[in-house]
Amino acid sequence: MSNTPLIISAAIVGAELTRDTYPNLPLTPDEIAEAAEEAVNAGASIIHLHVRDENGLPTQRVDVFETVTEKIRNRCDCILQYSTGGAVGTPVELRCNPVSLKPDMATLSMGTMNFGSEIYENTEETITTIARAITDNDVMAELEVFDFGQLETVMRMVKKGLVPERHHMDFVLGVPGGMAATISNLVMLVNRLQEGQTWAVAGLGRGQLPMAMHSIAMGGHVRVGIEDNIYYRKGELAVSNAQLVERVVRIAREYDRPAATVDQARQILGLSE
Amino acid sequence: MSNTPLIISAAIVGAELTRDTYPNLPLTPDEIAEAAEEAVNAGASIIHLHVRDENGLPTQRVDVFETVTEKIRNRCDCILQYSTGGAVGTPVELRCNPVSLKPDMATLSMGTMNFGSEIYENTEETITTIARAITDNDVMAELEVFDFGQLETVMRMVKKGLVPERHHMDFVLGVPGGMAATISNLVMLVNRLQEGQTWAVAGLGRGQLPMAMHSIAMGGHVRVGIEDNIYYRKGELAVSNAQLVERVVRIAREYDRPAATVDQARQILGLSE
Amino acid sequence: MSNTPLIISAAIVGAELTRDTYPNLPLTPDEIAEAAEEAVNAGASIIHLHVRDENGLPTQRVDVFETVTEKIRNRCDCILQYSTGGAVGTPVELRCNPVSLKPDMATLSMGTMNFGSEIYENTEETITTIARAITDNDVMAELEVFDFGQLETVMRMVKKGLVPERHHMDFVLGVPGGMAATISNLVMLVNRLQEGQTWAVAGLGRGQLPMAMHSIAMGGHVRVGIEDNIYYRKGELAVSNAQLVERVVRIAREYDRPAATVDQARQILGLSE
Amino acid sequence: MSNTPLIISAAIVGAELTRDTYPNLPLTPDEIAEAAEEAVNAGASIIHLHVRDENGLPTQRVDVFETVTEKIRNRCDCILQYSTGGAVGTPVELRCNPVSLKPDMATLSMGTMNFGSEIYENTEETITTIARAITDNDVMAELEVFDFGQLETVMRMVKKGLVPERHHMDFVLGVPGGMAATISNLVMLVNRLQEGQTWAVAGLGRGQLPMAMHSIAMGGHVRVGIEDNIYYRKGELAVSNAQLVERVVRIAREYDRPAATVDQARQILGLSE
């Protein structure tokens, strides 16, 4: 039983969600910052961040990321992780831009795939470009792996020096077109990691809670939040990101893995050096 | 996410434990019955039963099983599961005897193996003999599988009609000499089961809580209790069997899998027909 | 040990290969038909077919498929399997067209992915469109699965009726961007198939021979040919498709799985009904 | 594709086989030495050795091992590997004795289990005792692992210094009571090995040929011989051990893994230092 404190990452906004499907969706800088603070107070140590423009649409504009970052920093300490995924279809130059603000972490999606009826495009060139932006800005990469071949792509590209060797791994499971959120799949993925590699899992939809449970007991870390799953339980919308975080905290406490403080999370991830 | 109610089996006595290592160990019929009642009140629906003689030593004597059964029945409703394992070294005739009392269930261990520095002996002949006693008394078998080859033995012996096709499966993981209590091992085992087969896992020692967590999230069932693990957490003895049951109940509730009532457990296991 | 005759599929042309990298590449209808005949004589029962236009470029033109088909049919009996993959970038309408000629089989690629530095695009809509063309023409589909999530997509789309339930499965392993050609990966995939599902594996590059070996011993079927691998051994170009087929035939014979005749292959695949 | 030369171990006698079931069984020292020579000429580099007494019964008598060893050494060079398994039921002191002759290698069975209707007894104490004899005589151990838990026992006992860290691993699959000879099981086992660990597989009965095929393609090594399997193919007894070796050699040659010479085998196993 690993008793490393549990790093909880809160995916509080996302790029695809709208108020139509989730009325409590934070959109303005203030709303996002408030949601971040609540999540951190609930036990999250990483905020996985997407931002929205004046019309509530997903954007990779640097000024918006800057504003939101400032507002979050004013409210609470946390590890800020910018998404470089953008919305489906965002050009790669735009996806990279916010990394110049030097957040603690930034995501790096490791392959192209169907994402439901859309294509989520991450060519090798895109990956290389974003990886370079991340490295050049001295940011820590969180690699987003959606399918098994993408994990093997990580190894190939790390070996070639195209992807940073020092990274945090995130398995995003349950996208229609990627790997399903099953324990069998998670074990296959984790069994392929190098010894000592830190990892988290983000289960989509109804896969969120089971993946969190398994990860707690496997010594991994956890991502929850409305970006990935808007329900608290079947048929019942989550009240907030904080509510989803709180449940994970309670379960982790029963398991004797307390939620990591921000400082503990920095140390576990090697961000405090 | 499977929301089948969770069947919790409490292994409240065991055959090897002594008061030296676990002072609160129930030994007399009254103590055992009281421990059973507490476990059931805490949320267990199956009592996995070993009994002790006047000297506190493990015994397969029918009269002792009868006395304890009566005392438990007077206190609470539960599914009574007799161990036919006995202590290491108990002859097979003795191991079988209590089955004549027609408990709800009885265990059937599926192979010979090292059990730490001892041998736990279950030859094919032993298995066949105990299986016949179970079938002849119209009792439901819980198959105890400690290693991968034993699961393949189940399939082989079921095919030959030597082991009842209708059974509940219990993976007992963490015996030195058997398979370790890891999620990787549990997934391998569960992936080999027939569709629809009910199963539980009993993790030994510090494997108890992780195996329970995983099983809750996998749609399996759980065995806990001092027979398998005397600690509540590292360095802290469990106060009682009930305390170990209660934690599983709380986690399962967070997962929206309520602890099964005795009636629900009977239905899930097909004991109510 | 499964002694079902071994169905060998020969991928004799491909869409990406040029004479620069493989001088013996068959391009004209006559050359392709001759290569097909040689492969069949060597032991192949399925010809996996791409065709080329007057400039040697990959094409999905119906008239070219028709000409090549006629020439092959004049030379030998075989199961003709048209590729609907086209080259990277071919529009979906064109990819579908040759299916109207009602070959025995046609391929159906089950997802979008990086294919080296390119994107191989198969959106859910593309898959659905090609699947409909296949079904409407009463052709048998061979599903091309390049990564684990694509196998789960198969199950999802079969359940929805979007992909034919009766199909032959082909795992194409070793594409940079898909799953690597390892036995660990092949076992994971095969373990997820339904009982009785026929399957083959095509290992790319140096993965071709190992995947063939494993498949022979697992009761699967095999695809070889210069489309997937131009080397007979390290540093030594294959003389012909037939040479690659012959080695598999020899190994399969040692294993007591004779290469399937065309009639046997039809029967195993359910094409003779 | 690993092109390390293939170490073929020939199990030419065994402890349980009789002339009733296999008429060509070598029994006398001369017959055994002749069978060894034939196997080596066919391509084996290790002779896995059991010997028989004047009545053809299995024995661990030192003088018989000595006589047979001398006769083999007079005929050919090979790596001699003594079995310390003995027949089912042989006491541990007797099992150890021949190790004093300092063969190149000796076997060490890693657990107790059902072996069909018998028990094959290898308590932790037995393992420790034999391991000490092996180490004290500066012999290389081949660890015989029959089930998954036994592999975990290896790790546990190596860590405690009870089993030599430097060893060759042999998975013996297909014993009723142990793990079945399936590729799924072999992959699970191999995936748990340390990087660089040399290993072989011995498939019993009809599992012998499939396990050999897979191992060739996985970079492992192979044990064949009548001890494990008396049939060349279904319903046809093997003519000799050499015949079984020859088939593996032919397949390995097709795969470009030539059978290791004795010198190559010594080097691969680290015996030449």
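For clarity, chains are labelled A, B, C and D in written order, and residue numbers in each chain start from 1.
By our rule, a residue touches a chain if its C-beta (ideal position, glycine included) is under 8 Å from a C-beta of that chain, and two chains touch if they have at least 3 such contacts.
Given the structure is predicted, the values throughout are model-derived calculations rather than measurements.
Touching subunit B and subunit C together: A, D. Averaging Cα atoms per chain gives one point for each, and the point farthest from that of subunit D is the centre of A. Chain geometry summary: the mean Cα position of subunit A and that of subunit D are 50 Å apart. Between the CA-based centres of subunit A and subunit B the separation comes to 40 Å, rounded to the whole angstrom. Averaging C-alpha coordinates per chain places the centre of subunit A 38 Å away from that of subunit C. Annotation for subunit C: residues 191 touch two or more other chains. Arrangement of the chains shown, judged by which pairs touch: one closed cycle in which each chain has exactly two touching partners.
Chains touching one another form the pairs A-B, A-C, B-D, C-D. Here subunit D touches subunit C in the complex through residues 1, 3, 183-184, 187, 191, 206-207, 209-210, 213-214, 216-218, 233-234, 247, 250-251, 254-256, going by the rule given at the top. Only residues 111-114, 116-119, 121-125, 146-150, 152-153, 156, 175-180, 185, 188 of subunit A touch subunit C when the two sit together in their complex.
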